[in-house]
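Think of it as A, B, C and D in the order they're written, each chain with its own count starting at 1.
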């Protein structure tokens, strides 16, 4: 397989390279950029010396059309223009940006503040939450890879909402992310001295992943609901932990919630249900494609606390993108992704 | 004023020393310990050379009785025995542990798993949430200084619950703390390599600060309610951020919530209502006695998001303890506490 | 005293505010900036709400001339033009930038790559290493406040070099700094995700503090020597630790080195000689104006290891600047600076 | 190949598992411990659920003798007794502790303060600095895997000392390590709140890796010299950066130093000479088996600054151990180790 990566210099791009370098079915990786044509990639990223010494290439349709797969890992508003002409021209397209995730174009324009991609392309795209959309992904030409927060949230909530074990009308989701989620562009918000030793909330009630989560709750669990969703920055590089709260339906027990999650993910290699812990942290999944989920019911309030952790750059971005590629090419989902989490 | 500190080697004790060293009304600070009698304090804590070179003293009632104030900053289960004989014997007693906070002894024993302090002493003690209990604190002999999480949570929620601007029957509180909250005793949970770059949830739905928050909601805001409360560890040393969620009462606006908070704390020097920010972080209050509060109403769900930040070791422990001492001695509350937050 | 701060939005400026806010002799602090005239300071820095709510003012000579002291904390190349017209016009001038430190203008232009300040102003300025230049500082109109690295290095080496207890012809100085030394302007080098969990060397053998250290070794210890000096970035915000190596002169013992340091700093409140430790870290001095120094002789090689720690923003910048102001106004050096180090 | 790991619960053991899990020639990994026989490994380390769910086994000679390879990753003083009876009994033995590194037993006892391993076993063991001892490692039954600091230092210094391009009689080595080097056992020194935001020097001039480095300089570069060597703790988990200083021999240029390094490591996949950078950090090699080296000559002093970075747990421990195993089994050195550094 020949793979092209557009937006290779971002953190999503770098993680794609990290995993694809060891992917047994990938024989060639070409890197594309909008502005640094000809620059040797490893001269920008010293950790890739002897690994990715190839020059960055100019983005050109003819060139891109020749690949088996093209990953796009660009800021929002780029692939809405870049990808539509490539759809159906040969390569499988896997877009890591938010441009093709929202089926409702008006919603995209409201939450992203940008012009939406063409209607037809958006409808053609398949939402790439691998465990929940496997069959459509297999046939898709254009995969809209999920956002990092939605991945963590949906994998933990969808089974419970779908089976109506928890009440979807009062979902409170409190999410926390490492700083790498903000990308590689320097800003005051990501300046070390002001980020280090600082835990903060941002985009209060206005994060653009809200409509994505709501759309998926509707799509996969038939729940049309307005969620409360907030996001926080943790002074660490990688990892998302999402803590979700919902009333438990009358008569439902903690054991039933656990069973539901276990049954749902029984045959899914990357989702692990944590049953014996009183704590759960992001270091359980660091550097890997796992999503670990813990659920507890508080008998004092009859509310469930549902916790999930992922590595935002892996299961929340590059890892899930490769998992989707594996599905599209009928490879085992774990191909190239079977790595042990770092822990420390 | 002569001040004694029992449990000086813990982080609460160290912070008491940091502030009392510059307190204009304090002329002597003696340090007490259960096990290292005679050891020069600065030989254990090099940062205190030339500042606190005095030897640690043995805990003895006769000695303690001669101080104007005795702060106790010990693990739970210690002062329940140590302090009752000292009540009324002379010194003002300010206890930073949890032993005198819960008026319901059975509740203490359930949540702390330890024997409660004697009934009479517990009823005599005054809950030291300075802004909400000033008059009783002024007259108190024994102050039960609030827990770090309850301080952050209550300062932000009490005004809104008391005025019934938000619905106390569905309070979800998601709290996050720096690691110093776990104290100075090494453990696997606080071992650098496993704590650094790891964000985790712990004591899911079972933190002993739950009954303390509920008691104060009842006491100060006449709301008898069971809260949902969870705690997380942030890979940083200092700081608590609590994100609370509640339905807004019918017809109430964000402006009314803000006004309520502003009116409540108008004359309170250490509480600041944040009105112009879309983000809020712990570095705004680092090293200081401030509590900063932000409230936003999400019109999509008609739920409020209430965020507060404190330094867990200052307003959440030693700072509030000294604030209470100031109240007891009719000093301005800011005496010795008027420091600028570190920010970086 | 009325104090003006030019460059208040930088970290040096913020630290000046932090300490001057509690300085008993300072009654007014005005903040100046080149570009944000009229902006309320605390609207930029939320931690200063209720503390520094004043508007930023435009830099104007007439205004600045009316202050008792003007601190300038600006990037290099700014005060070389700004300050000369103010010299002798009234205010004591304390410059935290590098523009007036090097007496040799050609050296400045080589190492800084910028045009030097006028010859006359540079010669008039006094190098503000408080402990070593007290008398000249007392009379100075323009103080060139030392660089952060030179402060840590010189305080530890000058006594030993001056007394020729160590050999100045083979000085190797390996220095490490927290990221705040790079200032508040975002860049790839200070971007959290690439700085966190990364220890790096930078400006190998080419740091502009080299000539400053060499000049001071010559000026205060009569040693004309070329040093080896390197600088590293530590993934933390505050603190400098400098490890210096030099051959010990024939027949000199570790005890003599220690005695020399103790004798030199006997009456200096901010320098502490560490005698009983096998380790030394930056947290001993965090947030304070202390410089702690440890010296050990390795009998295997007859070389000395000399270690010193400071808070780069305090003794390495704002703290020493205020210490110099105290000297200029015949106040005790500790005025406004007598704070306990944070430790944690 | 069947592999046994003794000391699996330490960080060296965990890293062995991380890499061996993906090693194509390894079909079975058994885990041994001195104290937790029967405990399911993943119940202790949640990140290994679905990956290493096997029970910990009791250490027994008969069992260990049946493996193809046995890695021992234990505190010093354990394998000096454990391994001698196993030598020649079947398995290749690769010891990650310091017990077999020093050929001079008296030196071991002086620096480690423990009883040395039997003379015969020590002499039989082969020092496992892969790039410098390949042939002996290939034939070895017992490999003494190098220490983390010595690996970083020796790979950078040996070529230059061996060719006498730098003067071995004045070597100053200033090394810095992440906290994981201290292992997984909690202590005050590794307690998060006292380690975070603290850079410190420890074991001044007395680190037990000094004789190991000196022995290798003698063994591989015929230089009998006493080095100056110091170690520092960096508030991060992984990574070592060593900055070494030495006079450059008369007439030797920077270009010659670079050429020497390049020529030495031309065919060695894990050593990379950095030629175009003015900075070098540990994140270039994080999580990988690479060692990156930078050399600069300061023409002002005619001294060389030689910088090297490794991941202390990989090239400094588990990675190099597996690299040695690959050599012993005539596999390409990169087998199972060909991973892309994390960078962030």
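Criterion: a residue touches a chain if its C-beta (ideal position, glycine included) is under 8 Å from a C-beta of that chain, and two chains touch if they have at least 3 such contacts.
Quantities reported herein were computed from a predicted structural model and do not represent experimental measurements.
Most remote from chain C, judged by the distance between CA-atom centroids, is A. With A-D and A-B as the two chain pairs, more C-beta contacts join A-B.
Measuring from the averaged C-alpha position of chain A to that of chain C gives a distance of 46 Å. Annotation: 36 Å between the Cα-based centres of chain A and chain D. Averaged Cα coordinates give chain A a centre that lies 38 Å from the centre of chain B.
Touching of two or more other chains is recorded for residues 11, 178, 180, 193-194, 196-197, 235-238, 280, 283, 286, 343-344 of chain C. Only residues 170, 172, 174, 176, 178, 189, 193-194, 196-206, 226-228, 230, 232-239, 241, 243, 245, 278-283, 286, 294, 296, 298, 300-301, 303, 305, 307, 343-344 of chain B touch chain A when the two sit together in their complex. Of all the residues in chain B, the ones that touch chain C in their complex are 11, 14, 17-18, 21-22, 43, 45-51, 180, 197, 237-238, 269, 272, 274, 276-277, 280, 283-288, 292, 313, 338-344. Those residues of chain B whose C-beta lies close enough to touch chain D in the complex are 11, 178-180, 182, 184-188, 190-197, 235-237.
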